[in-house]
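Note that chain A is present in both complexes that follow, paired respectively with chain B and with chain C.
Entry: the complex of A and B
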């Protein structure tokens, strides 16, 4: 019984790590650019395919294929910002919603055309090697996901607080107009934000893909979960989104294991609604900035 | 003027007579999930149908008329299936439809094919209601080649009981296919004295099976009956092994297929020991399989192969009967001709539609062993199995 609970908790934390890396990017975009990117789940999907391409098609080592996938997604983040976001950044939320949703649909269907519908698998040595401690069983890849998430969030924190670009992002998330007045290049900061967000989604994909399937639709549900985490975490507050993601992951795993597997998503979303009723401004109350 | 008229007449006389080859093509529509989480099935149907149509046309078509394939996306949902039928029937003006691959889509499409009056031959939907609603006194426009789970459940449950199975947990897709199968197997297990310990549902395209596997482990049944397709099968089997479960897996869907083995080709033995009830396996039509692999570089998929077999061994014979016996090929004569189809030796077994427009093809018991799928038993089916 205890083993079951422990396994479920670790599994929930693995799911939470994935949601958190995606939600952190979404929260950054919302905080800095004041835009909800409904194509963000597709960033994760593209990152996963980029990783698959290097790892399975070119048989590159895991780390190299992963690094290349992240680099490719940074480029994609820049292209997306310049090609789609720049034109709609100053427009109403309706336009932003339609543009990002349209991008999501286009990317999903492009993936069907380019990669086909057959799910891709990227098993690694770590995903097929099992750690067994007295019946507590876990693929080593799950530990890599957890460790990777810790490193990523530590690096993100350092980036946002210690670097010039990170400080500009924080400033812009607090007052975009004032930033423009004092000479901060708003578009450039938005560009960096999208590159970082895309990189976060790609890191999540590289870490998690060996445990699951890669398929064109994989981003759709993920966007919803990440969005729920961003809302519950305090609309654009990155640490809040990360905490809410872990909460969703653990609740989903526990609900799936002990209440109903078929309704685990519904239960996770119900708990998010309850959190918002309890704290309408998010888990950490009213915050200004990322 | 007379000279001009004479020249025109001479030229017309010199033209070759209008033959079958120049007659208008026969339009065949294929409806399946071309997008969404189940898009892999529609892609397979498109590939299989295209290969079959190319093969038929290369041999001169049907009664000298070429076939033309049209495709529509039902997204595996009942609502979109209605649009898919309307698109094929009203826009593409097809003479007959093959589809809809997914039970929910099929049940959604049935009233519309009846309303429009276009015959639909179902290649792989296995919800028992499709048989019960079709044929005499019901939907005269729907015919089904595939077996349903009520037909297979009793045989499969008896087989499991014979292997000494006393209890089973059921894990099924959360859709009409899965729910139809659960109803059929719960009843069949009762009859075969196999205790159904628990039933769990999962959403297709779900990457994460750990929580449900924990539930199945806790339920403590001897075996698991998985109603699952190959696309979900790979993460399911990997996580099953990760958790160290030892329950034997029986399955319905497409777990024991070349498609699944292709997905887990890094570790093909991961599915060893799984026993599946079905009616198709790669190798039933070797020439088709070979051409599929040459063109697409991957093993043949179940739904694409079933669409091709349905076209070649149910629809084409009906078209020939319609032309020979009724003198024309249109929707009404194709429907009548389908009731007269009597193919003894299709790759799936005999195809002859009964009063409920159900064909009684062979049932297969398949097993994965050493990373390969082998046929354990090939069993003829009949309405007696329902008793």
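Entry: the complex of A and C
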């Protein structure tokens, strides 16, 4: 009984890590560029396929395939920012939402055409080796996900507080006009933000894909949950989004095990709507700043 | 739309099955089928435009109401043996009440949060439709929904009548005092509130009426195909409706009708596979919303202004 609960919790934290890495990117974009990227789940999907391509098709080692996938997604983040986002950055949120939603539809269906609807599996040595502590069993890959998430968020924290680019991002999230006045290259900061966000989604994909299958329309649900976390965490507040992601992951895992597996996603969204209504400024009551 | 152009257009729309029989006798069944789709999609897009175009709330929940209506009608007709008009009325009622009730919490959200909240609501509705197997039969779909009329031209008449009803309601809600109040809420909410127009009330009203109409169209759609599945109420439907609205022109009757005609006719002409269709719609939506967010209607207006 106790081990069941523990296993469910670990599963929830794994899900939470995945949501948190996607949600952190979404929150960065929202905080710095004031933009809702409805195609963000597709960043994760593309990262997962990039990883699958290197790992299964070219049989590269896990770390190499992962690094290549992250690099490819950084390039994609830059291309997306220059190709799509730059045209809509100054437009109303209606336009931004519909444009990024349209991008997500294009990417999902292109993925169906290119990769087919058959899920891809990328098992690794770590995902098939089980650690057994007195009946409490978990795959090593899950430990890698949790450890990886800790390292990623520590690095992200260092990046936004200690580096020039990171500080510029924080400054932009607080006052865009003032940044432009004192000579911050606003366009470049927006580019860096998209590169970092895409990299976060790709890291999540590389860490998590060995545990779950990869399929073309995995992005939509992920965007929604990450968005739920961003909203619940307080629009654009990155640490809030990360905390809310873990909460959503754990709630989803518990609901899936103890209430109803079929309705676990419905429960997650109902909780999101409830949080929106109960605390419109987010669980942590902070709206501005990353 | 000027009266002079409207009259011949209505005449052409009414006579369409016979015109098709004259022009392309071998293709009549197929073309009339496309016409029925066009009329139903035009009506559905008008109901969506009440919310998106006239009170400016970007709701993504429309498939939920469409599906609620379709399932209500399908279940009443197949299990309780209700007659056609009664089960359609039931569908309108159920979808309308659902929209009115869901509107109360959802409209406490603004902008992005509203869009995400409504999208979440639509996803929950789809999950329920897929998993509540005892009622909806889930992925097995509800089959054998009776058809009140059997010939295609008669079905076209039903679809056109439905479009007529939606059109009259649409015009009634978007002109006169009520229409001006809705537009005031859309264009400047604080000013509307200052002029004693309660923005929340008008938004909820448009949302409930739009939802009720979507439910009615969903009921007709289920009867026409005589089968209804959960896949009919996914995000893809929202994307289709957004393409129609933005292609034609948000908040404009002529724009939405033109958008619906182009939207249903184009893929039939191009004979695309469904996946490629969505790729092209997505790309089209992206280009339109970035380059010309007023759609074709903006183009019409600019040309009329230049003359």
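One rule holds for everything that comes next: the second predicted complex is superposed on the first by the 283 of 290 C-alpha atoms of A that agree within 3 Å, B and C clash if a C-alpha of one lies under 4 Å from a C-alpha of the other, contacts with A are read in each partner's own complex, and residues count from 1 in each chain.
Definition applied: a contact is a pair of C-beta atoms (placed from the backbone, for glycine too) under 8 Å apart; a residue touches a chain by one contact, two chains touch by 3 or more.
Note that this is a predicted model, so its numbers are computed, not measured.
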Superposition on chain A - do chain B and chain C clash or fit
clash
Contacts of A:190 with chain B and chain C, given as first, second, both or neither:
neither
Looking at A:262 after the superposition, I want to know if it touches chain B, chain C, both of them or none. Which is it: first, second, both, neither?
both
Taking the superposition as given, does A:101 touch the first partner, chain B, the second, chain C, both, or neither?
second
Which of the two partners, first being chain B and second being chain C, lies in contact with A:215: first, second, both, or neither?
first
Scan A:109 for contacts with chain B and chain C and give back first, second, both or neither.
both
When the two structures are overlaid on chain A, which partner does A:132 contact: first (chain B), second (chain C), both, or neither?
first
For A:39 in the superposed arrangement: first (chain B), second (chain C), both or neither?
neither
Where chain C runs into chain B (options 219-227, 237-245, 255-263 or 291-299):
219-227
For chain A, what residues appear in both contact lists, the one with chain B and the one with chain C?
109, 112, 262
Taking the complex as given, what residues does chain A use to touch chain B?
4, 7-8, 11, 15, 109, 112, 116-119, 121, 123, 127-128, 130, 132, 135, 137-139, 211-213, 215-218, 252-253, 255-257, 261-262, 264
For chain C, which residues count as touching chain A in their complex?
58, 105-106, 108-109, 111-113, 115-117, 119-121, 123-124, 127-128, 130-131, 235, 239, 242, 246, 275-276, 278-279, 281-283, 285-286, 289-290, 293
Mind listing the chain A positions that touch chain C in their complex?
36, 84, 87-88, 91, 93-95, 97-99, 101-106, 108-110, 112-113, 220-221, 224, 227-228, 231, 235, 262-263, 265-266, 269-270, 272-273, 276-277, 280
Taking the touch rule as given, give the residues of chain B at its contact with chain A in the complex, in rising order.
35-37, 39-40, 42-43, 174, 200-203, 205, 207-208, 210-212, 214-215, 217-218, 231, 234-235, 238-239, 241-244, 259, 262-264, 266-267, 298
